[in-house]
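Residue numbering begins at 1 within each chain, and the chains themselves are lettered A, B and C in the order written.
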């Protein structure tokens, strides 16, 4: 379970997250929608400790992420994250990309890591691209590789930060299919997305972010189907 | 026009070619060693430059600045005579190696710094988000990609290093290509012939290094 | 407390050495810039026909300077040419600078877009006018930072002429050291000269480069 309690985050004088409280239960899929610059990405980074926070607390399975003694490297194994830019390691083949962290972080043997990697790459439909360098893949394929790379760590949580925003429109579908598959398998996920239709379809809950706070949160039918706040209506009108 | 009485004598140079080639080998491996150590130091200086510790950062900046803004020969002198002043005697070979390594490290750090800008910060972030330590992210994700970018400058620096080894003779080194050649001319006074051949050997060494690096580059960085 | 046997005479001696270093650098850069500009234009304009020239220039870049000094020095006595070691020094440095400067100028010329030259010609400028008023000024701006770096490289490399017996800065330092045996201090002073000149000039270069990028 991820418990976010009154989190504040500033870059210098600019306060980006202004008191966010939200819980994500095991097996739940929560989508975060909202305008550009509203602090969605920043919140995701705070959840796995890639960014620090100034106030509040974030707990993952009871572990305080921003406490002094917390071993972040260890914590991050349990939280996979996929970025808008897929960040393929250009010098490694697809298979090696996925094997690297299991070998270095989980200390798996070469054959164990390879087995895990092959399994995850097949899972996302890249079973035939193992020996290829990422430079030869399409954006959609690279993004699916990034998903497999995160899954290879057997995370308990997956965070997606606009995983399809940098893709050509015809490639969005294949990545969404992969994410849908994960949701159906019961993975706990937080999705930051501009794909409102997709969010409505896969999410258990949807949160509308506006100027660093959660403006509205609830079931997809409530927030997307029947929004209460004028800002939410306004936003949905602009993206749909 | 000129009073030209000189008779070139190439035979004895040919006879002494094996000694010069032995010297060439020393030249080559001294340069290579100075590069290997230089690269390791440069990578260290690079991370020192990026650290938050003022002392570490100043050492790195100072090193780079001195290495690039003073003559290599002065750097070698400083090590050779300067360390002697502390009572530590240092062989001319060690002074040469240390001097070139110091110089290489300075220039390479600047090259690496430029190359690092071409490896996006998001690569580190992606690696860290998979649970890698910052050291693992640096050594396994950033550096390998950096090496591809800086491979060409490294090759160039290696060729500079080869040529710089010739400075050893100034502090008395006598078994590298330059030193061995000088030793032979001191015996025979056939300065022009010996050094002309030495020049050719240096040229070939430089071109071979360039060619091998090209091939290695194609093989290593197939992605 | 710090004490030294370095006398004011020694300091004057060092300054004289530094002056020789400056003279060598200036003369070598004069030769290097004139021929480098000429060759650079040739290389950029006739890339295939000038391959032999490129080969020769590459040889000068691929052989240790020290050997080039020795070779010219002994060649001149072989043919009985009466020139001083100082002349040998700046000629060799000059040829070396020309070889490096050629590449810098060539890069500058190639950085001038072809369309710009065509535009100039279509306005009725002659080839010479185009070269003098359009290509040369633009190429010069691109090449300037590289040229400054070359000057610094030549200044530092001029230290090598010490080996053919010219008394320049490094040699004076070494001679003083032989007498007073304070290597750290003496070489520090010599180093300081190189460092300050080199640092100041490269700051100038950085500034020029920045201005170039901002345009």
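Everything that follows uses one rule, which is that a contact is a pair of C-beta atoms (placed from the backbone, for glycine too) under 8 Å apart; a residue touches a chain by one contact, two chains touch by 3 or more.
Since we're looking at a predicted model, the values are computed, not measured.
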| item | value |
| --- | --- |
| Centre-most chain, if every chain is reduced to its averaged C-alpha atoms | B |
| Most remote chain, CA-based centroid, reference being subunit C | A |
| Gap in Å, rounded to a whole number, between the CA centres of subunit B and subunit A | 46 |
| Cα-centroid distance, subunit A relative to subunit C, in whole angstrom | 56 |
| CA centroid of subunit B to CA centroid of subunit C, Å | 21 |
| Residues of subunit C touching subunit B in the complex | 59, 62-68, 70-71, 74-75, 78-81, 152, 156-157, 159-160, 162-163, 170, 174, 177, 181-184, 187, 190-191, 194-195, 198-199, 202 |
| Residue ranges of subunit B in contact with subunit A within the complex | 120, 122-123, 125-133, 136, 140-141, 144-145, 148, 221-223 |
| Footprint of subunit B on subunit A - complex, ascending | 48, 50, 73-74, 76-77, 79-81, 83, 85, 87, 89-91, 100-101, 104-105, 133-135, 146, 149-150, 153 |
| Sites on subunit B touched by subunit C in the complex | 2-4, 6, 65-66, 68-74, 77-78, 81-82, 84-85, 159, 163-164, 166-167, 169-170, 178, 191-192, 195-196, 198-199, 202-203, 206-207 |
